[in-house]
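For reference, the structure discussed in these notes is given below.
Just so it is clear, A, B and C label the chains in written order, and each chain counts residues from 1 on its own.
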Amino acid sequence: MKNTKKRDLILSVALGAAVLLGLTYVDRNMRYSMLASVIQKGSIYALLAVSLNLLNGFTGLFSLGQAGFMLIGAYTYAVLTIPVAQRAGVYQYFNGGALTFALHPVLGLLLAGATAVVFAWLVGKPCLRLKSDYLAIATLGFAEIIRALIQWEAFGPVTNASNILKRFPTFESILTPVLISAGCIALIVLLINSSYGRAFKAIREDEVAAEAMGINLARTKMQAFLTSAFFAGIGGAMLAMFQASVQAKAFTSAMTYEILLIVVIGGIGSVTGSVLGSFLYIACSEWWLRFLDDAQTYLHVNIPFMRGGFRMVVFSVVIMVIVLFYRQGIMGTREFSWQGIVSFFARLGGKSEKKAAKSDG
Amino acid sequence: MKKAISILLSVCLLCVLLAGCGGSSGGSAAPAASSGDKVVKIGVFEPTSGQNAAGGKKEILGIEYAHSLYPTVSINGEEYAIELVTADNGSDTAKAPTAAQLLISNDVSVVVGTYGSGCAIAGGEYFAKAKIPAIGTSCTNPQVTLGNDFYFRVCYIDPFQGAVMANYALKEGCRNCVVIVEAGDDYSAGFGNYFSEAMLKEGASCDTVTFQTGETDFSTIMANIKSKGYDGIFAPVSIETAPLIINQAREGGVDCQIMAGDTWDDSSIASRAGANANGVFFSCFFDQTDEANAAGAAFVKGFLEWVNADPARIENNGGKDNGGDVAISSVTPCGYDAYMAAYNAILKAQSTDGAAIRDALAGLEVKDLVTGDLRFDENGDAVKNYVAIKTFQDGSIVFSDAYTG
Amino acid sequence: MSSFSYFLDLFLSGVTVGSLYALIAIGYTMVYGILRLINFAHGDIFMMAGFFMVYLSATLGVAVSIPLVLILTVALGLLIERAAYKPLRSAPRMSVMISAIGVSYLLENLATYLTGGLAKAYPEIPFLKTSYAVGSMTVKTITVVTPLLTLLLVVGLAFFIRHTKIGMAMRAVARDFDTARLMGIRVNGVISVTFIIGSFLAGVGSILYFSNYGQVSPMIGAMPGLKAFVAAVFGGIGSIPGAVLGAFIIGICESFIKANDAIAIFSNAFTFALLIIVLLFKPNGMFGEKLTEKV
């Protein structure tokens, strides 16, 4: 049995270095290209997908409130970090707003996650003991309630009510979101591989059996819920930084559905799948498949059905096909491993060898 | 079964990707010049889908018409072909940044648009970072240009429009108004705010009611209005919500004066609200029957000819109204004027560099554009003092009055 | 302007909206009772019915279109059931719900693509568009017709379920899926009938709803669908009278909340807050049956 650990380590370090070099190159020369945009948004959605997967895939709690936590994270970050000099301009209808200080972006990010955790605790206390279907609707409803609260005129001095929040610190380089995401995802993976993660999986498999084995259902579910909300809050704050502006109206249940679909495409229960699925989804929807929305002439014949909106229809059909026929998604429950890649290529090589042998014999 | 589907999907995907490679790398471009010619790209940042699609498409028509009249520009003695690159911002402030990035990645020198202040504000942050000037068409919220050195606009702004509408309301005898505002919409909230302020300054009273996006049932709000006895309703809302408010107001027995802003200049509102809309008046940028505006008359004549030449253009302009004519929405000249501003700025800067064009825009003066002379103030807003007031009459839009101050 | 007629205005408004939610809620509660599936696509079937009417009446005229629309809506409901839910019947609950979300997504995007994202004017049904004066108020015909029609349909449905063989089969399948199958009940047929009834009611609801407001837009089904589901949960899943009552309560409360300027923005949020509160104290809804979980 070969010692694969050393090989794996070398390969991982090499891959990491290559990725960092590649990103630095893109950052220097193609800062505003679509590739840069896809890399940033893809890594943000990767974190969001993994946070949802933690809840849905690893713990089996069907929650549809992700957009609500993202919204809280985004607004907390934006509200706390707008430079004091800009506040009067942004809070134009509320006399400069209620806050007169601005925090450092890193502190803003952490507080974004923390605020999301507080709200998650408030929501989780009553809702986590509901049946899975009711939990879905309750969390969906909670996201709706949060949106209405933030848009309320009475909170205007803090949230700017219906108006956009902008001028807060954004990403200087594309490495920032990638590194933050990678760090958070690494934390989540550590959590999943620990005893807490095993408790989550036990609940997913069979709640009654888990309880019989001594796992405190309510507490463990709350842990999963809070962790997921924390990272969703950070993801929301990063999304705000990426977009350079944030408005409550955009954080609808459609956003949660998007993330859910990314999780499904990647494979419920696979972190690698969520990351892959996220980049694939963002690249396709923002970049590669945009041409579906424009009138195309193919050999001087106008293809009649390609116009605005076609891209989303194609998307929805692909998603339905995946949900119906490829329920495992891309990765199923498997994770990334060098051994997996090596054996994949070995199998391919083995197949062609076997075929050659057959045709000879 | 699964295998068959996999093969079918792969084949489809391959075909589609091949087709995609043939097209441009993202935004759609008007027919480009043959390779070897010099090209300068103008980005068109408009909504062609979503809530504001109707207005966006009309502005694009104005831009395309201007492009058909001025397809090339001369820089340093050479003829550059102007190429339009369109990116749809989906009427959504979350999609606007990606649309903006699409334009930036396509190396546009200047951007024209958008309809819908929210998206303009969202996209504006990116244009400023990439140092590409943008010229707003009909986005009236002051936040679009405030603090953003790279955003200009060819229309008036909401504080001005709000004051004009308040004056009009008071002239009509409305001293106790209610403003109906859409939650989450910068334009609606901002405009409503300025109208309210102007009314209060004159000693009249003004309350605000907010509804959620997508709301279709206003019967309760109308019952509330009826019971409180307001004598004027000001509703700066989208084209989609307008007929709902008008119809449900009249059906609910509310017969006070209804007023609105530039978003209501659309024939679909006239046809869907029908007789209920008679007497409703709103402010807008342009009046096509104004004889005194020579540039306007020339624009109207040329534009009608151009639109009628292609049924697709008539479709994008909202079809034909009750009289069988093509109506010209007041946002179309805004698109035209914005393109002309970009054109003149490129001419003045004699360069395709964004920063140079921006500096040219700051000091630009163009005479006799469709909505009047064009000059930008220190914020990048156009110095405009003309507002047209229009009203609905039996399913069509009719000019009522003009305000020049 | 007397406060009584103001109060009546609000109340009638709430009753109209509530009865529309009721028609949609029945579809939700029936499907959930039998399949334990939240049919997220139900609200979008309601929206598609509206578009069917818009496009059909442009060529065929209103009178012919109404029955055609109902038939098409039922066909759509059946198609969705066969294509998206049946294959996943043995899959875990989450998969089916994701499938439902996927169908909802597909329908919304399809409608946006076909219509360009803008609202389309709904044809006027002459009979429903009239209104007459009662005292100092104007009452629209549709405000009266809608709740009456809803109650009629609900009573008819209750009769159907209590006194026909198929109704009994539906009740059996809702009580215990596997035992019903063992007893020889054609479960597929029962499920199809459930979807037919649900879609039919959604179709009727769509005609009444869109006649009232005059326009259809692609995203219009999402919120009424969710609220109707909340009504169904509120009243107790599996209980049709409960769903109807829940729908009326939600409609009326919503009406009174919208009338108050300060909190009008919470009209949607209120519905969900109500749901959470009800579920805290009565996890099975107001009239729901107590289900014991066997290990």
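One rule holds for everything that comes next: contacts are C-beta pairs under 8 Å (C-beta built on N, C-alpha and C of every residue); 3 or more make two chains touch, one makes a residue touch a chain.
Bear in mind the structure is a predicted one, so any value in this text is a computation, not a measurement.
When each chain is reduced to the average of its Cα atoms, C sits farthest from chain B. Looking at A-C and B-C, the interface holding more C-beta pairs in contact is that of A-C. Distance between chain A and chain C, defined via averaged C-alpha coordinates, is recorded as 32 Å.
With centres defined as mean CA coordinates, chain C is found 37 Å away from chain B. Counting only residues that touch two or more partner chains, chain B has 49, 53, 183, 208, 210, 212.
Within chain A, contacts with two or more other chains are made by residues 148, 151, 153, 308-309.
Taken residue by residue, chain C touches two or more other chains at 112, 116-117, 222, 265, 268, whereas all remaining positions touch fewer. On the side of chain A, the complex with chain B involves touching residues 32-34, 37, 41, 86, 89, 92-93, 148, 151, 153, 161-164, 166-167, 170, 242-245, 247-250, 255, 286-296, 298, 303, 308-309, 314, 318, 321, 325-326. Residue ranges of chain B in contact with chain A, taken from their complex: 1-2, 5, 9, 16-17, 19-20, 22-28, 48-49, 53, 88, 92-94, 97-98, 101-102, 104-105, 118, 121-122, 125-126, 129-130, 142-143, 146-147, 181-186, 188-190, 193, 208, 210, 212-213. By the touch criterion stated above, chain C contacts chain A in their complex at residues 32, 36, 38, 83-84, 87-88, 91, 93-95, 97-99, 101-103, 105-106, 109-110, 112-114, 116-117, 222, 226, 229-230, 233, 262, 265-266, 268-269, 271-273, 275-276, 279-280, 283, 293, 295. Considering their complex, residues 1, 3, 6, 9-10, 13-14, 16-17, 112, 116-119, 121, 131, 137-138, 140, 213-215, 217, 219-220, 222-223, 254-256, 258-261, 264-265, 267-268 of chain C touch chain B. Residues of chain A that touch chain C in their complex: 56, 60, 62, 126-127, 130-134, 136-138, 140-142, 144-145, 147-149, 151-154, 208, 253, 257, 260-261, 264, 268, 307-310, 312-313, 315-317, 319-320, 323-324, 327.
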